[in-house]
Amino acid sequence: MILLELLLMLLVAYGVGFLYYGLYRNITARFQRRFGPPLWQSFFDSIKFFLKEESTSHGWMFYLGPIIMMSGAITTLFFIPFFKETTNFSGLSSYGNLFVVLYLLVLGPLGNALGVGTGGNPFGAMGVTRGLSRLFALELPFYIAVIAIMSLSGSADISEIAAHQSTMYALAYPLLFIGALFSFIGMMGQSPFDVVGAPVEVYSGPASEFSGKFLALLMSQSAIYTFAKLVLMVNLFLGGAQGFLELLLKTFVLFLFVISFGSLYGRFKTPQSIDFLLKVPTTIAVIGLILATWS
Amino acid sequence: MEEGFLLEQKTLEGDLNSETSHQSSVDFLMNWFRKRSIFVLAYGTGCGAIEMPPTFTSRYDAERLGIRGAATPRQADVIIVSGYCSYKTLRRIIRTYEQMSNPKYVLALGSCTVNGGMYWDSYNTIKKLEDYLPVDMYVNGCMPRPESILEGFIELQKEIGAGKASSWQKYEENHEFYRKNQEAVLGEKVEPSYEADWYLYEGGL
Amino acid sequence: MFKTIKSNFATADVEVKRQDLYKVVIKYDRLSALIDFLYNNYTYKILNAITCTDWIEEGHFALTYLITTEDRSNTFMIQTLVGREDTKVESFSKKFKQAQIMERDLHEMYGIDFIGNDNLKELSLENWVHTPPLRREFDTLEFVNEHLTFREGREDNVDVKAETKRLRALKKAQKEADKKAKEAADASALKENEDGK
Amino acid sequence: MENKHITIFHGPQHPGITGNMSVELDLIGETIQKATTHVGYLHRGFEKLVERRTVIQAFTIVCRICVPEPDPNEANFAAAVEELAGIEISERSKYIRVMVLELSRLAAQFLWLAGQSGSIGLYAVGQWAIADRDLILDLFEELTGARVYHMYIYPGGVRRDLPEGFLERVSKLLSYMKKRLKDYDDIFINNSSFKNRAIGVGIISKEEALANGYVGQVLRGCGIAADVRKDAPYLIYGDLDFEVPTELGGDVYARALVRRAEMDQSVHILEQVVEKMPEGEIMVKMPAHRKFKLPKDDTWVKVESARGEFAYYMAGDGTEKIRRMQVRGPSLVHAYTLLENLLVGAELSDVALIMNSLGICPPEIER
Amino acid sequence: MMINLSNYALGHIVLALEMSHLANFFAVLILLSMGTLLFLVKNYALPKSFYALSALLSTSLFLIVYAADYLLFFIGWEVMSITTYFLLSFSVSQKTLHKYIIFAMSSALALFIAILMIYSTQQSFLYSDARESFELMGEFQGVFFLVLILFAIFVKLGVIGFHYWLVDAYEEAHDIFTAFLSAVLSKMGVYALIILVVKVTQPMLALAIIGVMTSIIATFKAIQEDSVKRVLAYSSIAQLGYIVTVLGVADGMSGALYHSLIHTAVKLLLFINIAGVIYMTGRDKFSQLGGLIYKMPQSFVLLLIGIIVLAGMPPLGGFSSKFLIYSALLDTKYLLLLSGVMFSSASAFLYIYKLIYGVYLGHPSHKKLESAKEVSLSFLLPQYLLAFILITLGTFPALIVPYINEILLESSLTTLSFTHAGELISAFAQFNGLIVMSAFGTIFVLVVIFFVSTRSKAKEAKNRFDIAYCGEEPDESTHLHYGYSMGKELARVGILRAIIKNSSSHFYEYLGKQTLSFAELFRKIYSGKLSVNFNIAILFLLLLLWGSLR
């Protein structure tokens, strides 16, 4: 039974993730005054890459990099419950907690970084370095906000945090939410924090050396990852969801916000984005934390 | 206005699907995905590159046909040789082409790739691209308009869909021929470091 | 200014080409002195370009230095003639930074050695082993015919006059053939007509 | 032995390069220790090809020297030939030439806008700018029959007269542009993310800029009002009212502001041209092209392109063919002397930004 | 459960040894380190005195651990410091030795005075009387006592500001001894902190803050380093920073102990691994290494396990201890401290990646590296053992919880709840290591199977230069290894530059210069630098003694 549920979760994340990517490309296309690709174009792209006749590999660690990334994404997904106040679609979340998820979120990219390093492409290594440099700055405001809500909810269990919100935390503690939102924009790889794979700077960063099915795997995991992150964010700040409709609605609103923000701003440099994240969102989040837990 | 545009889109897509061929359903599906998603390498090799931005941006918007840019050869399906090709660039194009994954396609832009074009008597450009790389589709003109580039893409997509675009197989089979021609203009010592049996590699996971 | 140049440097008058363009031809050994003179006493401080023209019939290169005033209202063309074979010229890259790259370009295209320029590597060409391409004795068409193949059907490489003549003759022949054919057709038609009747 | 730095190439096959060229970078971290420019990927030997052709045959290929804005080449070539052959062209053709040059400048600035915004990842602006540039190309197509390579500014005048109602369409475009350019101010020039990236990056000092023969926005960005149109007016620029915008910063942002202000000036000039366009002949009587000979003489002509002074040296030798034609585009010195110095100490992220702001265009470097 | 081994009375001074669970725990750490490091010894031609001194050192360590009174503890501590000095002197430069001995002596001095202060209140050296003695001290004396004790311990732990000797010593010491320094001697600092501070006083917020600062600063320092051993040294400081932090809050003992165990094991693993690399290549800088993965695959995998633990990633043991630390901080509502710890932990990913990239991934930075081979079994075996421990602790995170509970009971602290070995339960949450591990493992295997069976075949690149390189072609002479550069950009960030560029060494160099000029005066009377130090130390000691006993 649990296996079936896990499979369903995976399928939902995969489908919805690609759907969101399609919407993303269409919406940005409209921002850019053009028609945009078919809705499922990202899905076509990933299948196309799976169907490539060959892919260049640089040894077994390179081969395993994207696989670790994919496994990380799926594992992360399974430890995030989709809905609150029910055990349906809660996956393995009762066996883990928010700390586990926070670390699992990084596991995949780090595993892939090993593959990137093995590939020997200097642009890849530079992309990874950018990613890791940005990571801690990105995580700080998010951690502060998450710690605050863990303390407020009195639990590190995601479904309990979701259930604990009578008014959603985003409204009750807006400063925390804003701080975390900045991080979230970066986590989703949107401008102005999209320094990792910036094509005009580092070729295409970590993905420079991946071809064919490796790239396909990276694209698929990114769809799953995106959905997992959105669900996590909804659970933590937007009061969770009780049905698929609510979940899709909330995640989509969040997603729409993130991509609109992304298409209006240019890219920071890596040091600039670190500087910004360590100053503005962190300060906001710290103030939010102090206000939220003062009593 | 918008109706007209949607009409055009419909026509183009209809054109894309017009090719009927006798393939097994697996092949058909495979080729369908391949033709619906084309990643074009970001490499402006010659002056035709100036018409690439219009093709890929809002006015002509190639993305509506599933055509988009890719930063590295590892991710690309199509390399556009946009116009004249000096020896120095030819070497980079060959290296880049060989780094792309099969199946891969070459779209040659402009008269210069066909027969030297304006630069037929130039000492530093090649005159006939297909001696050095297998070309799937020539788009003629100096320079080709975005419409003709799109037209070329659609023709290419049709061929891919029908499973006929097989220049990469040609390159594998006639590798020695191409290598000989390449060496003739680039000189013995500029041979890219791959060995000749690079394409005969079998197996792998 | 013109008088000083004439008496001290040049063999001929300074030629006023346009109100913003002067030209003077001088001996090579006075070149650097003239440039210094203009640099120090007037505002001709910007080296705009160095060009070289190959006068193969006369057996020399004409090196032209284009120096502009600081307000860019006036340009001086200083031309000097140097030999074509194993040409060695003093580099100006110490005085003008931008001369470095211009001299590198000329070195590649004409084979002129600029003494004192520390980087004369290939600029545009790669592994070029033939005659420097911009020298007049280098025939690019011959080079192309020797090294490259054209697609069949390309007929650029023909003498225009002869080609016109040939085309005209062709046309004429075609016309005549047409005429003949027409006549024949007419004749046959007539015959058929007659037969039909 | 020690391997502290890392060598990478920025180009030729790289999304962040302006055209087909490359910069070899030695980095520690992402800080550039040494930059070496490589060109020659586009070398076609124009100067050789021109020597083999008659004047009018050569006319057809000169526009291909600089791809983003071919018209300054045509104007230069025509001016040089006319000066050598002693031809005085008609007033109307001068006006038409100015119109074509300014339209092409505007188009090139839009292309720059796309490149500059793309270099900071603001793709929406790029998409808009390319589409707006296409409106200008449509006009060109109507006027000359081609979108990019126009082959229009013929020695002795211009090749074709204006189509009917063309001027109205130009003014219609201009009024659209005036409205539209404000949008670019909002989303790009005044965008905080662009300011963050551009201010203080790629600073050039005034003295250095003067001494090394830099041109165009590089000079104007550090406060020197250098513009061939003002310094040595050609065609009818002496009669037109326009300003040379300057900024003092010397950085990428200053150059961006200068370019943006130049777009306004172009629109302004075009309005005047449309208004004043005289009637008359467009071509003077020219000898048959196979008999058209240039005297044994040389000259140096220049125009202001969208990226600065664009100059030709031309020498005739008394035959139908040109003895020597040297192209001195703005990019040669910028790509080497300037870029190699400017990049040292900059970050990798700045490379595309700086290159775009210098407007480096490889085909005119190597010809 | 305490077992008193002996009671000797020297006048009215009572000396005691005792075998508490806590002592046993640290004794196990010592044994683990010695056991694993012994494998390595045969690879090196070590002087005989090295073994003798090592034996002396281990004796002193056991004396420290099993002492039940401060006097024996101090004797052990002194012997440890001095044998360390001699052990260091085999390979360490004179300058570093001086740094070490000055710090070690001043820390010993401080410790001695502190112990005397404890003694003077109740005339007892016994641990059991310490808490009472501390409470009897006056306000000022109490603070003074704590400052002295903490100074002594911080020097040993290398807390930022007191790490001046540590990094250099770690870098220059013999590879085996560096591992021992990091794995064991620093744990003696932790032990001392527990015995002398945590058990004596109330939880101190200041301690926690110092810990967090230490871990953050050391992490950013580590990112900047080029030498592998220096990175690991800073990493040790950062990891000990977590332990110091968690010891500064109530209920932090479990996390501290768990992390001590994990840190000992992982640092042994990493240092042995790096020792193998240095043994094989003779290079110890990121700028000189690289590309060893396919030459030394087993070492690579072992280092990989090590860094996953060091990063605190879920499927392995590192997460279990981090989890306890986070829970303790969350439980006591030190939320900003917790953010600090997590921030430092996230920043650590960069140097952790640099560690594995710089050594094993990327490109070899020298032709010599292409001929490297896998290290011998004597390097690999201890690493396999340690890796097994770490993987087991990841899968069954609660395996040692019963034992830790015994220690907690002994100190009368609240224990952790325990259901089964797979589930680690803290006050705030629980996680099931078994499930996490098996979920990840199963998914990984499934993805591999799916991936292998796809149509697209993976084709090996012909050589390492077959990379997407903007159309150009790199060759042997092109530098492609990014090891040195990683993290260098952080110096451009305003806030971080303050951390990265400023160094405590400036302060100490200034101090050193002043001292030297002052010592010039004494130089006429005494000859030899060391003796000057000793004499000054004795003078200082007398001065302080007089001060404290008055």
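Think of it as A, B, C, D and E in the order they're written, each chain with its own count starting at 1.
Assume contacts are C-beta pairs under 8 Å (C-beta built on N, C-alpha and C of every residue); 3 or more make two chains touch, one makes a residue touch a chain.
What you are looking at is a predicted structure, and each value in this text was computed from that prediction instead of being measured.
**Q** Taking a step as a move to a touching chain, how many steps at least join chain C to chain E?
**A** 2
**Q** Determine the groups of chains connected by touching when chain E is not counted.
**A** Taking chain E away leaves a single connected set, one piece.
**Q** Relative to chain E, which chain's C-alpha centre is the most remote?
**A** Farthest by centroid: C.
**Q** Top contact pair of chains, counted by C-beta pairs?
**A** Maximum number of inter-chain contact pairs occurs for A-E.
**Q** Per-chain C-alpha centres versus the global one: which chain is nearest?
**A** A
**Q** Would you kindly tell me how far, in whole Å, the mean C-alpha position of chain B lies from that of chain A?
**A** From the centre of chain A to the centre of chain B is 34 Å.
**Q** Between chain B and chain D, what distance separates the C-alpha centroids? Give it in angstrom.
**A** Computed value for the inter-centroid distance: 30 Å.
**Q** Hey, how far is the Cα centre of chain B from the one of chain E, in Å?
**A** 57
**Q** So the centre of each chain is just the mean of its C-alpha atoms; given that, what is the distance between chain A and chain E in Å?
**A** The computed centroid separation for chain A versus chain E comes out at 33 Å.
**Q** At which residue positions does chain C touch at least two other chains?
**A** In chain C, the residues touching two or more other chains are 124-126, 133, 138, 140-141.
**Q** Enumerate the residues of chain D that touch no fewer than two other chains.
**A** 6, 8, 12-15, 30, 40, 43, 45, 48-49, 52, 127-128, 131, 347
**Q** Mind pulling the residue numbers of chain A that touch at least two other chains?
**A** Only 32-34, 51-57, 63, 122-123, 126, 130, 199, 203, 208-209, 212, 270-271 qualify.
**Q** For this entry, which pairs of chains touch?
**A** Pairwise, the chains that meet the contact rule are A-B, A-D, A-E, B-C, B-D, B-E, C-D, D-E.
**Q** Which residues of chain E touch chain D in their complex?
**A** Against chain D, the touching part of chain E is residues 226, 287-288, 290, 365-366, 469-472, 474, 478-489, 491-492.
**Q** Can you name the residues of chain E that touch chain B in the complex?
**A** Against chain B, the touching part of chain E is residues 451-452, 456-460, 462-463, 465-466, 468, 471-473.
**Q** Mind pulling up the chain A residues that touch chain B in the complex?
**A** Residues 25, 29, 32-38, 41, 44-45, 47-48, 51-57, 63, 199, 203-204, 207-212, 215 of chain A touch chain B in their complex.
**Q** Which residues of chain A touch chain D in the complex?
**A** Interface residues on the chain A side: 28, 31-34, 122-123, 126, 130, 191-192, 194-195, 198-203, 263-272.
**Q** Of all residues in chain B, which touch chain E in the complex?
**A** For this pair, the touching residues of chain B are 43, 72-74, 92-93, 95-96, 99, 101, 192-195, 198, 201, 203-205.
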